[in-house]
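Below are two complexes that have chain A in common, paired first with chain B and then with chain C.
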Partner chain A sequence: MDAGKRNIAFPIIANYNCIVKFFIEKGMDLNYIEQPKMTRRTLDVGTKYSPDYVCAPFKSTLGSMIDALEAGADTLIMTMGLCRLGYYGELQEQILRDLGYEFEMINLASYTTGNVKDYYKAIRRLNPKISLSRFTKAALIGLKMLEYIDEIEALYYRNCGFEVNKGEYRKAYEDFLMAMDMVNGRKDIERQYRKTRNAFREIRLDKPDHPIRVGVIGEYFTVMDDFSNLGLEQMLADMGVEVHRWMNPTNRNLHYKGQKNLGVQISEYSRFEMGPTSTANIWCAKNYAENGFDGLIHVKSAGCTPEIDIMPVLENISRDYKIPILYLTYDSQTSDTGLQTRVEAFNDMLRMRRAAI
Partner chain B sequence: MSKKISIFAREDREITVGLPRALLYHRYEILWKSFFSELGVQCVTSPRTNKAIIDRGIERSIDETCLSTKIYMGHVDALIGKCDYILIPRISNFGIRRFMCTKFEALYDMTGNVFRGSGQKFLAYDIDVVKKTGEEKAMIAMAEAMGFSRKEGKNAYKAAKRFENDDWKRKVREEERKLRTDQIKIMVAGHSYITEDEYVGKPVIRMLEEMGVTPIIADRIDRKEAIRQSARISPTIKWEMSRELMGSIQIRRNKIDGVILLSAYPCGPDSMVNEMIIRKFRGLPIQTIVLDTQEGMAGLETRLESFTDVLKLQRGEL
Partner chain C sequence: MKKAYLGIDIGSISTKGVVLDDDSNILAKEYLWTEGNPMGAVKKLLAELEKQFDKDEYEIVSTGTTGSARKLIGVMVGATIVKNEITAHAVGTLNFYPDVRTILEIGGQDSKIILVDNGVVVDYAMNTLCAAGTGAFLSSQAKRLGVEVEEFGKIALQSKSPTQLAARCTVFAESDLVHKIQMGHTRQDIIAGLCRAVVNNYLNNVGKGKKIVSPVVFQGGVSRNEGVVHFFEQQLGTKVIVDENGPLMGAIGIAILGRRARARKKFDFAVEDMEFRTREVSCGRCPNNCEIICVYRDDVLIDSWGNRCDKGALRAGTRGESVK
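Right after this comes the complex of A and B.
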């Protein structure tokens, strides 16, 4: 850690903090403070200082910010967003200041003016001497990392439930994530990616021709963050299910087909865009149903308005395609035993249904 | 009012449009009603919210959705089959940082999916200023969807807008007049679909009046000024209606004794904005009341009474 440089932190979000780290250290030449992985304490502290019925990601990200400040961060970055997320930054900053923390806040929401160039101002504020070429290069490599992480993660959850020797997939996957945390440049990333793909290929699988397939859809944050959804995908995979999840930054942001292209495919269900990820989720649910998936799981945090609003649509899809949907709502108190029971029952039901048909 | 238009509508067959008396109805009542009357279209409004409407609404809603939406579904249900179209707003935003709760973005399609198979036709009032669909365009689109010409729609909109502006000025003046009394003045800060709702907000306002308090309705304010003021307190606040409320508190904070933040469970924007208001307006007495479908007003009355007593104590009247 170099003295005299800013110590920057970002709330923990799924597996993506290694990208933020790479970007800040390599692209902006600043220190990145890595807070410890989220624990129950993170969530408890976050919940304690949060308003009562705000959505759960607010609480966990607030807790994560406190973790970061305690680990020595002096600058926090918070993202903008299209739902309540867009107001997270300002309220969290206010709460932290009222608690007495001293730090600088870069809230991307306050740079959201309709002009993309204004985000550059935020970057200039972080490091006024930034080199544009270095920054662009790091950004492009960061995007590549994002694609690889999403690809490896998708492969992992699709197959890890069928390995012959338990734990092989997990090991290769964890090695990959750890390596991503320490990469130095483009070549490094490519090498780690290929290594992991090869390692995955070597693992012996005992997979039936038509395994039970479940599509996981839902709210952007909770569906991706395995701490927040209490390891839902792993739980399913361990029951011998092929788990599919379309929703990740690669698909939703980087290669998003847009409202025009997706909206037209779900026009019988919705005429307008219903919320930030609504079109994607409805399209996804319909797509899974059409491709003969056994069931869908809809994940959201308690009070997530856009996801609650698409539930009537999902119910209609479930009716039209005769596909069962399990609705899961997570708040800061959810215990994983209750979840385990519900997911097990859902899995049993899917298998019985398969046997009957 | 152009005679030709009304003859056209009447000759054909009188069109009726249903307006559910919930959510944005209270905000757009004058605009919509005068627009339809200019076009010679008959308006049917659902009755004031009552127990039966709420119960029907709860039956048709996802249980996690907010009380206001449940009430809305009840109102739509009451209109099904009683009119040619039911008007349903779909409002995304009025510009950058002037968004609506995502509820209003989804409302049209959500209602359509809930009442799928009822055979009812819906009329969309679609506003998305970021994507270049403003109020005028939305109104004209509604007229065109009912078979009127663009020109007829435009004229009716112009007239309706005039009515709305006059009415709004009158309402704001009335609120300003109330600020001049010597009574205890409590600002009731809640979305218009809470404060104006017969079953949810009106009882609170009536209770306050019975206690000898003058309730000031927060969102009856010069909206432009309120939005400007709110940006000074909380720059990234993104919901139009929350901005109006926050700005209104800022503008009138020295003329009122206290504020009641009135919201319905679980309102998304309020869950955050109310917290910010409490943190930003230190020194101003604030009471938060979150309403649900619970019955029995005794608990609520006690809370209002004790809040009023605190304010009286502060004034030295107790």
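Right after this comes the complex of A and C.
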């Protein structure tokens, strides 16, 4: 860590903080402050200072910001958003200032004007002496990292439930995430990616030809962040389920086909965009149903309006394709007993249905 | 010696147990209150069950636990199968009503709906964040009205014009109820209104978007309330079957699941005399502070859970006091 440079932090979001770190350190030549992983304390602190009715991602990101400030950050970055999330940065900044923290806030929502060039202003504010070529290079590498992380994660949840020797997948996956936290450049990333792919290939699987497949869909943050969804995907995988999740930044942001292209494929169910991920989720649910998935799980945080809005549409898909859907709502609870009951029953049901066919 | 199968369903309010034989005939059954002490309730339950069947003729070869305390009790009795109550209820009901299409269930703290097609569970739903319209709500309102909750059904049926109550949310329902009492509505109208509110709440929340096809079976503690049954029939426009063994269905289901599974272990009623103790330990090895539940039998740790990572793993078999 270099003295005299800004110490930047970003709230923890699933496994993606290593990309932010890479970007800040390599692309912008600033210090990145890594707060500890989210724990119950993070959530408790976040909940304590949050409005009660706000959705759970607000609470966990606020807690994570406090963790970061306590770890020595002097500049916080908060993302923009297409739903209420767009207002969160501003409100969180106000709450943190009221608590007496001193820091600078780069709220990307205030730079989201429709003109991409305006983001450059935010970057210039962080480091006025930034080298544009260096920045662009790091950004491109960061995007590659994102794709690799999403790809490895998808592979992991599809297969880890079927390994012969328990724990091998977990180890390779955790090694990969740790390596991503320490990479220095493009070559490093490529090497780690290939190494993990090879490690995955080496692991002996006992997978039936037609395993139970479950598609997990839902609200952007809660569905991706395994701390927030209490390890839902791992829980399913441990029951011997092939878990699929389309929703990740690679698919939703980097290679998103857009409302026009997806909307036309679901025109019989919905004609309008209802929120940041509603078209994607409806499309995704239909796609899973058409591909013969055994069941769907819809994940949202309590009070997430866009996701509540798509539930009636999902009911229609469920009826038309005869595919059961389990709806899960998360708030800042930390006990997973209720979740275990519902997911276990869902899994039992899928297996009984399969046995009957 | 003939084989028998034990099933125990430990809910938040009541604890149920059955002993079945190979043809699912009930050899022994018992239903009692959990009273916030699942381990004590199960000991009492086992003592009652033990008296009811012929121990020289039958031997219990599998034990199943279900319900919200299934894990704890599973460890205590050495269960061969531990399963969630949704699956157990479905299996139990299908055994008695093979052509059932819809199972409604309202328990002490949760409510669920199970849809069945051709003897296979095809969909289910369970209340999520809110406990509105469950048995716990009814019994707290019974206290407010100074009526035994067991009397609710009979009183409700006497009413000619049930009071309208806001049914969407327990909190609203409660303040609405207080208001209506003060306005001078009669007790039976209010109680009938409450029963109807439970039904509406259930159909609007848990049953939302689900196609309810007859035959309909209604279970759980609340199914003993004739008022709720009456309003279900009124709202659904179909007969609602309430089995006399309805509250035992979860226990029956888990006993059947235990019979179907391969695991076999002779059950010993000596559990009744053993000393069981639980302790909550805060892990303290990271800021998450996982609450680890330790279960001791005669001061020896037999199991623990609640830790999110290996740091909090405790070894079974250690003496009680040596664990932090």
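Throughout what follows, the second predicted complex is superposed on the first by the 356 of 357 C-alpha atoms of A that agree within 3 Å, B and C clash if a C-alpha of one lies under 4 Å from a C-alpha of the other, contacts with A are read in each partner's own complex, and residues count from 1 in each chain.
By our rule, a contact is a pair of C-beta atoms (placed from the backbone, for glycine too) under 8 Å apart; a residue touches a chain by one contact, two chains touch by 3 or more.
Just so you know, these numbers come straight off a predicted model, no measurement behind them.
Participant: Have a look at where A:R41 lands relative to chain B and chain C in the superposition and call it first, second, both or neither.
Facilitator: A:R41 sits against chain C, while chain B stays out of touch.
Participant: Based on the superposed arrangement, let me know which partner A:T329 touches: chain B (first), chain C (second), both, or neither?
Facilitator: After superposing on A, A:T329 lies in contact with both chain B and chain C.
Participant: Which partner does A:R353 reach: the first (chain B), the second (chain C), both, or neither?
Facilitator: second
Participant: In the superposed arrangement, which partner chain does A:I308 touch: chain B (first), chain C (second), both, or neither?
Facilitator: Touch partner of A:I308: chain B, not chain C.
Participant: Using the touch criterion from the header, give the chain among chain B and chain C with more contacted residues in chain A.
Facilitator: B
Participant: Between chain B and chain C, whom does A:D98 touch in the aligned arrangement: first, second, both, or neither?
Facilitator: first
Participant: One more residue to check, A:N165. First (chain B), second (chain C), both or neither?
Facilitator: A:N165 sits against neither chain B nor chain C.
Participant: Considering only touches as defined above, state whether A:E344 meets chain B (first), chain C (second), both or neither.
Facilitator: second
Participant: If we overlay the two complexes on their shared chain A, which of chain B and chain C does A:S133 touch? Say first, second, both or neither.
Facilitator: Neither partner.
Participant: After overlaying the two complexes on chain A, where does the chain B footprint on chain A coincide with the chain C footprint?
Facilitator: Comparing the two interfaces on chain A, one with chain B and one with chain C, the shared residues are 302, 312, 315, 329.
Participant: Taking the complex as given, what residues does chain C use to touch chain A?
Facilitator: 68, 83-87, 90, 118-126, 128-129, 209, 211, 286-290
Participant: Enumerate the contact residues on chain A facing chain B in the complex.
Facilitator: 51-55, 58, 82-84, 86-87, 89-91, 94-95, 98, 107, 109-110, 112-114, 269-276, 278, 302-303, 305-306, 308-313, 315-316, 329
Participant: Help me check something: in the complex, which residues belonging to chain B touch chain A?
Facilitator: By the definition above, chain B touches chain A via 62, 64-66, 90, 92, 96-97, 99, 101-103, 105-110, 112-114, 116, 124, 126, 130, 234-238, 265-266, 268-269, 271-276, 279-280, 290.
Participant: For chain A, which residues are in contact with chain C within the complex?
Facilitator: These residues of chain A touch chain C: 36, 39-42, 302, 312, 315, 318-319, 322, 324, 327-329, 331, 337, 340-342, 344-346, 348-349, 352-353, 355-356.
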